[in-house]
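Below you'll find a set of structures to go through.
What follows is a pair of complexes built around chain A, which joins chain B in one and chain C in the other.
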Partner chain A sequence: MSAAAESLGWLGVPLAVFAGAIRVSTPFMLVSLGECITEKSGRINLGLEGILVMGAMAAYAASLKTGSPWFGLWAAAGVGAAFGLLHGLLCSLKRVNDIAIGIALMLFGTGLAFFLGKSYIQPKAPNLPSIPLGFWTDNPQLANALNVNPLFPAGVLLAFFLHWAFRNTSWGLKVRIVGDSADAALALGYKIIPVRIVATMCGGVLAGLGGAFLSLYYPGSWNEALSSGQGIIAVALVIFARWQPLRCVGAALLFGGAGALGPALQAAGVSSGYHLFNAAPYVLTLLILIASCSPTRSLQGAPGELSLTRS
Partner chain B sequence: MAGQKFDRRNFLKIAAASGALAAVSQSALAQGKPLVVGFIYVGARDDFGYNQAHAQAAAVIKKMPGIKVIEEEKVAETVAVQKTMEAMIEQDGASLIFATSFGYFDPHVLKVAAKYPKVFFAHCGGMWTEGKHPKNVGSFFGYIDECQYLSGMIAASVSKTKKGGFIAAKPIPQVLRNINAFTMGAQSVDPAFTTHVIFTGDWSLPVKEAEASNSLVDQGADVLTCHVDGPKVVVETAEKRGVFTTGYHASQAKLAPKGYLTGAEWDWVAPYKTLVEAVKSGKQPPNFLRGGLKEGFVKMSPYGPAVPAKAKTAADTVKAKMVKGEFVIFKGPIKDNKGATVVAAGVSQGQQDPVLEGMNYLVAGVVGSI
Partner chain C sequence: MNSTLERILVPLGAVAVSLLLFALFVALAGYPPLDVFALLYKGGFGSSFSWNNSLQRAAPLILTGLAVAIPARAGLVIIGGEGAMVLGGLAAAIVGVWGPVHIPLVAQIIMLLSGALVGAIWIGLCGWMRHARGINETISSLLMAYIGIALLNHFVEGPLKDPNSLNKPSTPPIPDANMLGLTPGFDVHMGLLIGVVVALIAWAVLRFTTLGFALKVVGGNPRAAQLAGLRVGRWIIGACAAGGAAAGLSGAVEVAAVHGAANASLISGYGNAGILIAFMARHNPLAIIPVAVLIGGIGAAGGMLQRRLDMPDATVIVLQGMAFIAILASEAVMGSPWRRIAQRLWGIEPATTPVAPAPVTVLAKSSTLEAA
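== the complex of A and B ==
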């Protein structure tokens, strides 16, 4: 047992919000970046919640069977790609609505994960390691807050990369043009359907990895209540972030930090009104959405081919 | 079924089976027909927690002769449980139903019970009241606060910061009673011990439970315990942070080999057997069934390696008194954490006292509010 830590008192609240932002935000960030890619290509995949849960289950099972959490990550990515492919293919059929397929996929993914995952609830699978970025501090609380899972910096780097790639690489521009105007893409000789299928698969991979983070790192076990709607909220975060990868990171951090506020305040002794603090992430999202919306530019930045914007 | 041919042999099997089925349904009251018992759980059966404790006991009932057990898990505390109960009665012919989650009672069990007066509904944790609730409904529960008191004693004897963390789902009477018993047990060892409570808002919220555990450790708590459906996340997070835990519902010792001190566990076999045997023999089952350590409804996890011998002896002494029925936890004067007296001096609320099942306060020494 480590030496008993000193109480932090009020300082604990900002620390917990900071630590929570890092710990809780990763799945939101990964899923929303994935959805960002998918939506940039002109499709919405609402099934990410199902992919996330399925990824969490697959990662836990693979980690348990092989003894290596890294295999778990591969399994989650593979499952995510397969589900993304399924969504991509189904939506490529004529007169198929991507939103309806997404909802079906969400139910299918969660149901299948619960079914296949029954025998994995109890065993304890090896978890992903963390990078002790807090090695320089003697403060055990801060050191713990700075224990960062590699998926978090990977997600941040990915966001910067996507931000750059959407403007500066040929495939980035290709995804955007396919998403913004199918007619223009056709005129340029691009094949629309393959681009969208690949974009949806990328989204699926990231959603699967988001699930793996939940089951293999934080909270670090598989259980049917593991996802509290991260996959659905991430879709909303993309809209909130106006389809920009860097803003997705910000939105995810904000959401994660706000989620940590409720427990942190109660731990510090502020216990009245905890129901309200527990609802903080949702209240905050609503407030920012209200503050930032206006009838003239509510869908500014939305890809033109999205079924949201297409009339 | 793949590859199975519909040949004459299979046809005969099916014909024989359906004939037998018809015969059974015709002689519904014939001897030898198994008693169908339905178990309904709110979560997964192997969650290291509340549902697992019930399912373990259901597995024992399954082995009793003349009993057919049917189970359904992950049934929400909504109209879904009414549908499940009706399906168990109509389709499987269940005549005894164990509705194991607190929120099933009102209105769901009460509503279905009025519709099927011949079926007995045993609910876990509800407050059955003579005259108010139908005769074919009963409630059973264990006085697990006795175990929580003992867990509190052990927690205080190993804690250095004298600060415990309690991650709770909702402020309902049973949860409050556990928090209070834990705190009073701890204070019997060290009056300076405080319990910091975090209510997460629901029975199973893994991410929030992990956040709550981390926040409490950051605030200096070095013993964690909880009252949520699956304590797995709390126990694992505590072990990662290097603090102690006392478990709940079932034993989580395997999840925290270093920090697991002891735990409050259910042992539902005794009440289940009582109810099943009563229904089987055609007697009126008890409507209000309660028991603690003495009756074997609850038990303690074996002590972990970190528990000092002195603390074990102290806890075992109190436990022996509880088993004899001589120990009263809620003995006045008790003040709540706002300073008001909730149990006056000289008043002893024994474990059977129904007043305790409507508990709506946190005792002094608990940091938190309902």
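== the complex of A and C ==
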């Protein structure tokens, strides 16, 4: 990126942040879209952080074993679904608190991933290819910045689909009613628990894919420091996005930009305060929550059954 | 069944189930389960050396467990103890190195208090965000933990770095004379005594004083608390600050008794293990002490598993995660009609008319923790 800064002059740094934002935002986007589905059904899954790390490990291992990163995506989705199912089933038990189960899954998922992934830290697995959207330019730096992973456009399309599906399909209506008022859902004859379990599984699949993006594309390797709280930031991001899929995309890009700031500045030669710049996404999340939450009224668009926002 | 007995036996049963699952997992991963359990026992509690190691780990764990348990009394799920812990350690190191007082006892007390103060402010902020802005404290405390860890890394690798610490960036060491001594009668540092005393105080305050009762009311029903004239916000912030003080104190103890300086060793996972400990102890400060010793022992045995069986260091985290899930899931069988189950199992006629089982309802799940 420093090479880009040199050849493009002052355009280099914003270009690096822009390209970084797209790269860094993809896992945020996938995980937050998944959490959006889960929370719309009235449950919160804080275990996404653990699922993300498990997904990253499974994707890397599968890609290494089969030689195909696409198998890695399937593996991550499968692991995510399994963990989502576990969360969904456990929370369906009497008196079992979804937030607490999420914390336990966060611990369990990361521990299991580190245990099973110990032997995959060294070898190099085939990574996901990228789409060269910069084919029209002769500038190699610009072309490099415009290399986009297919998961990014897939996530954007998914956001549009969810936006449409929540309003226009019976499935979307079911999820929203179950999440807004369990009484109403019961009165309509909907089965609440299966809907919530499926919604949690969808969230798990997307969190697993978000992890696969981390290990198979950017940074593109598996190690124990791979995730830095993307799973938990994504949960906060859904609140900021007011449970709307399209806003999740915007919020993810914003956070991606904040996350890309540290590496971009480091590449530009600013080395002091590196750790502080890396903390920018967390600070930004907190500031946004402080600015957008209110103690007196419930949040606009918040699912009524969500324990997160009830007081 | 007696409810106290139930509250002890059900979690123990859950731990037993998780041990079975862990044995299955270990066997599937290709390790001999019986050897693993033998080493877990040996490494944690098999000799006086391993006991010391376990107790040394239990000392901070008691405090980080309290950091979760005290706010839980007010219905809050605080999981960012790790951040308060590392900042408490950093504060203790700063005061210990550059503080004006050089009388050991006074310097030690100032180190511990400044650690506790910084921790109290850090988690107290989460309470303030909860009360003033309605922000979920679980999420905010975890974000604050990441920020706290970043601050620690920034200071020990940047402005406060001792130029002599080459391999592991650290603050300058605190003078040897100001380091904490041993707990009387044990070969374990003073942190153990501090942890036990703080836990006993927390238990007594929560159980026997109006303070503890008010906190329980706030946690159980904030509206009722408000109607009773309690200032809910102050209680929420206070409970968070008290928990944060415990976490900050644990960091200060680690610096003043073990590491001798603030560095990345403070990011030890003790803050996260405290979550598990508090939930296993059902947020009872008295029960936190033995649970912390147990988890400390498992942690101490982790090194032995690594050395003897070449198992990954995350093995003990897997076990902890399984135990955590089992404990939470066991909540579902609390209050079961044990007497009737026993009667059915052993074929004894019910002495009383059977009561209809409580309707399974998904609506009644409370958003906050029931105070234990």
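Quick notes
To be clear about the criterion, the second predicted complex is superposed on the first by the 270 of 311 C-alpha atoms of A that agree within 3 Å, B and C clash if a C-alpha of one lies under 4 Å from a C-alpha of the other, contacts with A are read in each partner's own complex, and residues count from 1 in each chain.
Methods note: contacts are C-beta pairs under 8 Å (C-beta built on N, C-alpha and C of every residue); 3 or more make two chains touch, one makes a residue touch a chain.
These numbers were taken from a predicted model, which means no experiment stands behind them.
In the superposition on chain A, A:Ala187 makes contact with neither chain B nor chain C. By the touch criterion defined above, A:Gly20 reaches chain B but does not reach chain C.
When the two complexes are overlaid on their common chain A, residue A:Lys118 makes contact with chain B and with chain C alike. By the touch criterion defined above, A:Ile131 reaches neither chain B nor chain C. In the superposition on chain A, A:Ala264 contacts chain B only, with no contact to chain C. Chain A is touched at more residues by one of its partners, and among chain B and chain C that partner is C.
When the two complexes are overlaid on their common chain A, residue A:Leu157 makes contact with neither chain B nor chain C. Once chain A of one complex is fitted onto chain A of the other, the partner contacts of A:Leu214 are limited to chain B, with no touch recorded for chain C. By the touch criterion defined above, A:His275 reaches both chain B and chain C. When the two structures are aligned on the shared chain, A:Ile288 is found in touch with neither chain B nor chain C.
Overlap of the chain B and chain C interfaces on chain A: residues 114, 118, 228, 272, 274-275, 278.
The part of chain C that touches chain A in the complex is made up of residues 29, 77, 79, 129, 131-136, 138-140, 142-144, 146-147, 150-151, 153-154, 157-158, 222, 272, 275-276, 279, 312-315, 317-318, 320-322, 324-325, 328-329, 331-332, 334, 360, 362-363, 365-370. Per the touch definition, chain A reaches chain B in the complex via residues 1-2, 4-9, 12, 15-16, 19-20, 23-24, 114, 118, 121-122, 124, 141, 144-145, 214, 218-221, 223-226, 228, 259-260, 262-264, 266-269, 271-272, 274-275, 278. Those residues of chain A that touch chain C in the shared complex are 46, 90, 92-101, 103-105, 107-116, 118, 182-183, 192-193, 228-229, 232-233, 235-236, 239, 272-276, 278-279, 282-283, 285-286, 289-290, 293-296, 307-311.
Across the complex, chain B meets chain A through its residues 43-44, 46-48, 52, 74, 159-161, 163, 165, 196-201, 204-212, 214-222, 230, 232-233, 236-237, 240-244, 254-255, 258-259, 306, 367-369.
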